[in-house]
Amino acid sequence: MVIMTSSLTFEPVLERIAEEIEHTPGRGRPADYIPALAAGDPRRFGMAVAEVDGTVYGVGDWREPFSTQSVTKVFTLALDLAREGDELWAHVGREPSGNAFNSLVQLEYEDGIPRNPFINAGALVVTDRLLTRTGDAAGTLLDFLRTESGNGALDFDLEVAASETAHGDRNAALAHFMASYGNIHNPVPLLLDQYFKQCSVRASCADLALATAFLARHGVRADGSRLFTRSQAKQVNAVMLTCGTYDAAGDFAYRVGLPGKSGVGGGIVAVVPGRCTLCVWSPGLDDRGNSVAGVAALDRFTTLTGLSVF
Amino acid sequence: MVIMTSSLTFEPVLERIAEEIEHTPGRGRPADYIPALAAGDPRRFGMAVAEVDGTVYGVGDWREPFSTQSVTKVFTLALDLAREGDELWAHVGREPSGNAFNSLVQLEYEDGIPRNPFINAGALVVTDRLLTRTGDAAGTLLDFLRTESGNGALDFDLEVAASETAHGDRNAALAHFMASYGNIHNPVPLLLDQYFKQCSVRASCADLALATAFLARHGVRADGSRLFTRSQAKQVNAVMLTCGTYDAAGDFAYRVGLPGKSGVGGGIVAVVPGRCTLCVWSPGLDDRGNSVAGVAALDRFTTLTGLSVF
Amino acid sequence: MVIMTSSLTFEPVLERIAEEIEHTPGRGRPADYIPALAAGDPRRFGMAVAEVDGTVYGVGDWREPFSTQSVTKVFTLALDLAREGDELWAHVGREPSGNAFNSLVQLEYEDGIPRNPFINAGALVVTDRLLTRTGDAAGTLLDFLRTESGNGALDFDLEVAASETAHGDRNAALAHFMASYGNIHNPVPLLLDQYFKQCSVRASCADLALATAFLARHGVRADGSRLFTRSQAKQVNAVMLTCGTYDAAGDFAYRVGLPGKSGVGGGIVAVVPGRCTLCVWSPGLDDRGNSVAGVAALDRFTTLTGLSVF
Amino acid sequence: MVIMTSSLTFEPVLERIAEEIEHTPGRGRPADYIPALAAGDPRRFGMAVAEVDGTVYGVGDWREPFSTQSVTKVFTLALDLAREGDELWAHVGREPSGNAFNSLVQLEYEDGIPRNPFINAGALVVTDRLLTRTGDAAGTLLDFLRTESGNGALDFDLEVAASETAHGDRNAALAHFMASYGNIHNPVPLLLDQYFKQCSVRASCADLALATAFLARHGVRADGSRLFTRSQAKQVNAVMLTCGTYDAAGDFAYRVGLPGKSGVGGGIVAVVPGRCTLCVWSPGLDDRGNSVAGVAALDRFTTLTGLSVF
C-alpha cells in the first residue's frame, strides 16, 4: 500500500516509521570486536532524508554522530573512481562475493583481485589506489564529507582507529596477501593506518544523507560541480545494490529494493536515484552485520512510499 | 544521453540498437556442451518489447523461436512462489552465489541449501517443489508460457531435453547431493526429466517478452488476474537483478541496471518495473554464459532511454 | 618399552592388550547412518594376528564376523592394480586428501581425479575400473577374500547393501560428478550396486588378517602365487599409511606407525611388512570414523613390540 | 632387487646412484622466487649418509653448502617438541594438508590451527612457540645444527634472509591471519625475521645428514644425551613421512618409503630408523617443490638396499 509519493517531504513517513520501530522488539546486538563499538545502545534510532535540492530532515537521533565504519567505503570508491575511472576495475571486481566464508579462497582463486570494492579486501585496494593518487586517502575522504555535509566539524575518532589497528590482524593478512599478488602498492602498515582512519569518521544521519546526495543527483556535488559522470553514478548505485550489505545484499534488495551501504557502527545509507538519499542509524546488528532497526526502517520506507527501484 | 522516454513506443530505439549491433564485431560463441545449441548462429539477433498493456513489437529475429534454457527459471520461480509463498525461502536462499567455482563447496557449507533459485542447484530445488505441488512442473510451466504469450504452439523440444539428459551428470550430482541433505523430495531421475523439459521450451523474443510482462505489471497476468502479490513481484525482480546472469550479475547491474535473466540459448529477459519487459536473443555467449549481443543491446537500451533502475 | 620382538607368536601381547582394553573406559559410538551398523555393541572387541607363514591367532571376538565396509578398499585397490598397473594412477591420485570438508572442491579443482583410492570418490573410481576389467568387481573381491582367508562361507550382506543404497545419495553425487569429467565409465546405478556390495562383505578378524597377509608377504598370495610385484605391495602399504584412516592418517601414523585401513564397521587391518598382519575390531568409532578400541589396541601393539615402521 | 643390506657402508650404493643420476636427463628448475635461489645449477648433485654411530660419507657435492630452507623445519619442530611436548599439538595439527590450494581455506575452517608443522603456516606457529620459550628461535636452531654436525662454521645467510623478507608478503599474511585467531604470540615482523633467518642457514649434505641422525637414533644426540623421548622421535618420523614433502607426501612415501623433509633449496633429508640418515641435494625442483634428482636418488637408494619402511 502506497500512502504517499507526491508530498513535498517525507516527514510524515519518517514519523510513522520511527513510531513503528519504537514498538518493535528485538534490535540485535552492537558489534563487539572493539570496545568503542560494543558500548552502542540498540535502543538508539535515527533516520534522515536528504532531498536532491539539499533539504534535509529526520526523526529520532538523526543529528547524533556515530561511527561510520564501512559506510565510508561508498565515498572512497566514488573519490577513486572520479580520479582513475574504469582503470580501477582491473584491480577490483564488481561482482557479489558470496558468503564471507569464501573470501580468502576467492581471493586466492582470482589472483589477488577482490570481488568488489565493498568487501574489506576490495576497500583496501581502493584506499591503496586513492592513497597513491592523493598522498592522503583519509584526508581526501574527510574533506569530501565535510564539504558535502556542510559540517566542518566532522573528524576522525583516533581512539577508534587505534582500537581497530590493535585488532587489525585479519585486515593485515588480507593486505599482505594481495600485496603478494602485486595488487597493493603502498606499505601495508601505512595502508592500514589510512584505512582505519577512514572507518573511524564520526558523522550523523543528517551528515551522511547529505554527503550521499551526489549519488541521487547522478554525480553532481552540493556546489553544483560534477564529481563524476552520470554513468559512473549509476555504476556506484549498481555496486551498492548488489554488494553493499555484506552477505545480505540479496535480502536487502528483496526487502528494501534500493542501493544501500551499511557499516558495523549501525549506519546505513540508501539512494533513491533522482529523488533523495536516506541514512538510518541504530547500533544493534543482525548476524550478518547490518543494523536490524535500520533495515526494518528502510523496508518500511519503500513499502510506504513505493519508492523501491523494483 | 537520454533520447526518448515519453514516446508511445520504443520502436525507434530498437531500430537504432539493431543497427548498432549489426555493425558491432565480436559476438561470442554459442554454447557447445550439447549439439543442438552448438549449431546456433551468433549473427542472429532479435529484440522485443512488451508494454504493460500487452502491446509487443520488435526488431530482427524477434519472432524466431530459440531454446529458452535458464530463462525459464524465472517462470518456475514465480509459479512456485505463487503456490507456497515464503516457505520456499527455507529451502533456497536469495543471495548471489559468487563465482561458479564455489558452487559445490557452498552447498556443502550451507547444508544443501543453494544460494539462490537461479543457479542450477537452486532451480532444481524450485522444480522439485513445484513438481511436488503440481505433479507436473514442466507442464505447469508450459501452460503458463502459452497463456501469457498467447502462443498455444509453444512446446518442449524433446530432442534437446534428451541431449541434456545424456550430458546431465553434473546436475544429477547436484540433485543427489542436495537429496543427501533432505532438500530434494522426488526421485532424482524424475526431477531431472522435468528440469530438462523445462529448459528445452522453444519460444521467441515476442513470446518471452509477453510471458514476462506479469513482472512489469507487479504480479498481474495477461488476463488481469493476479499470479501473486505486488510484493512478490518486487521480490522476483530483486532476485533477478542480484542473481539473474550467472557470475556476471554485478556487471549486468552495472551496465544494464535492470532485473534480467539469461539462458545459454542466447536469450535474456529484462524488466522495467511498471513500464515494459524486454527480450533479446543472439546465440553467441561470453565466457560467463550470457549473450554478447544481448547484453550490449540491453546496455544500449537503458543508456538511450534512461530507463535503468539506478 | 619393548617387551617382545623375538618370541614365536604375539599371543601374550594380544592377551595383555585385550586385558588393557577391557579396562579402558570410552569406546566411542557405532556408525549410525544405517540401522544395521547402529546396532553394533562398542563393548565387543577382537584382535587377530596372521604371520606371513599363514599362522593365525587372536583374542576376544576374533572369529566374529562383522561388516567390513571400507576395509575392503585395500583389496579392491590391490586387485585393480594387479590388473592395470600404473595406468590406474592417471585416474586416481595417491596423496592424502586433507579433511573431508574439502572433498568436493578438491575433486572440482582437480578435474574429477580423486586424491587417493581410499576416500569414497577414489574407491568408486577403482571399483568402476575393476568392474570394466572383470565384469563383476564385487564377485572378484569376494573370491579373493574367500581364497586368501580359506573361508568359503564369506559373503555379502545384501540387507546392509540395500540399506546403503537407500542412503546412497552422497556417493551417487560423487559418482555423477566424476562422470561429468569422464572419470567413471559404467552406469552410476550399476557402479553403486557393486560398490555397496563390496562394502557389505561380512568377515572376522581372523579372515581379514589372513586376507591381508599378501601385503606382508610383499605381494605373494596364500597359495604362493604372486598377486603383483614387490614394488606394488610396497606402494599399497605406502598409500595405506598416508591415506588409510580417513582424516586421521597423520594421527594413526604418529600413534601406531603402521600401514592400516579402517572401516566404519569398526574393523582395522594393519601390516608389519615382512612379518605379519593384524586385524582388530570394535564397533565404537571416534569422530573421524575409526574404531576407538581398535586404534588403541594397535597403538599398544607397536609400543609393546617395537614393530612400528618408524 | 636388493643388492646390499649388510655391508659395512653404503658407499658402493652411493657411487652407483651418482652414476645413474649423472646420466639421467631432466633435472627440474631451481626455485625462482628469490634471486639467490634462482642461481642454483640443476647439474649439481650431492648425497651423504650418516650412520647412527656418526660415520658420514657421500658422493658428488656432498660437502658443498646450500640453502637449507624448509629442511630446517624438522629441527625447529624437534627443538620445540623437546621443550613443550604434546602441548604443541593443541596449536598445530599433524595431518597432511591436501593440496596447497586449500591452505588458506583450511586455516579458516579450522580456526587458525594449521594442519601440520611442515606447511608454512605450521612452521610459523612452531617458530613462534620456540621463540617464546627461548627468546631466539633462530639462534637455538643454529646452535643445534652446529653441535650435531660438528661444524661450527654453519651460519645464516643474511642476504638470503633479507631477500625472503622482501618477498615475504604471503608468509606475513599467514602470520597475521593466525594471529587474528590468537595462534601467534609474538609481533609478526619479529616472527618473520626469525623464520627467514632459520630458512637461510647454509649447510652441506654431510652437515645435514649428521644433524638429522638424532632421529635415526630415536632421540639421542651426537654427544649421547637425549633430546627427547623415543616416542617423540617416532612421532617426528611419522609427521615427516605423511607431511614432509609438500603436496607430494603420498608420492614420496610410494616411491621412497622413508620419512623425509625437503626444501626449495634442493635439499632433502631422510631417515632410516635405527640405521642411518641421508641427505641429498640438487637445486632443480619439480612442480611440487621437491628436488628432482634428490627424489630419484632416494628412490634408487631404497630400491637398491630394500631399506624402505614398507
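In order of appearance the chains are A, B, C and D, and numbering begins at 1 in each one.
Keep this in mind: a contact is a pair of C-beta atoms (placed from the backbone, for glycine too) under 8 Å apart; a residue touches a chain by one contact, two chains touch by 3 or more.
Quick caveat: nothing in here was measured; it's all calculated off a predicted structure.
A.B. asks: In contact with subunit B and with subunit C at once: which chains are those? Just list them.
C.D. replies: Joint contacts: the list comes back empty.
A.B. asks: Would you mind checking which chain's C-alpha centre is most distant from the centre of subunit A?
C.D. replies: It is C.
A.B. asks: With residue numbers as the basis of comparison, which of the pairs C-D, A-B or A-D duplicates the interface of B-C in over half of its contact pairs?
C.D. replies: Overlap exceeds half of the contact pairs only for A-D.
A.B. asks: State, to the nearest whole Å, the distance from the C-alpha centre of subunit A to the C-alpha centre of subunit D.
C.D. replies: Here the centre of subunit D sits 49 Å away from the centre of subunit A.
A.B. asks: Subunit B to subunit D: how many Å between their CA centres?
C.D. replies: Computed value for the inter-centroid distance: 56 Å.
A.B. asks: Could you put a whole-Å number on the gap between the CA centroids of subunit C and subunit D?
C.D. replies: Spacing between the chain centres: roughly 31 Å.
A.B. asks: If I count partner chains per residue in subunit B, which residues reach a count of at least 2?
C.D. replies: Those would be 101-102, 105.
A.B. asks: Once the touch criterion is applied, which pairs of chains come out as touching?
C.D. replies: According to the stated criterion, the contacting chain pairs are A-B, A-D, B-C, C-D.
A.B. asks: Within their complex, state which residues of subunit A touch subunit B.
C.D. replies: 93-99, 101-102, 105-106, 109-110, 115-116, 231, 233-235, 237-239, 241-243, 247-251, 253-254, 257, 259, 273, 303, 308-310
A.B. asks: Within the complex, which stretch of subunit B touches subunit C?
C.D. replies: It comes out as residues 101-102, 104-105, 108, 169-170, 172-177, 179-180, 188.
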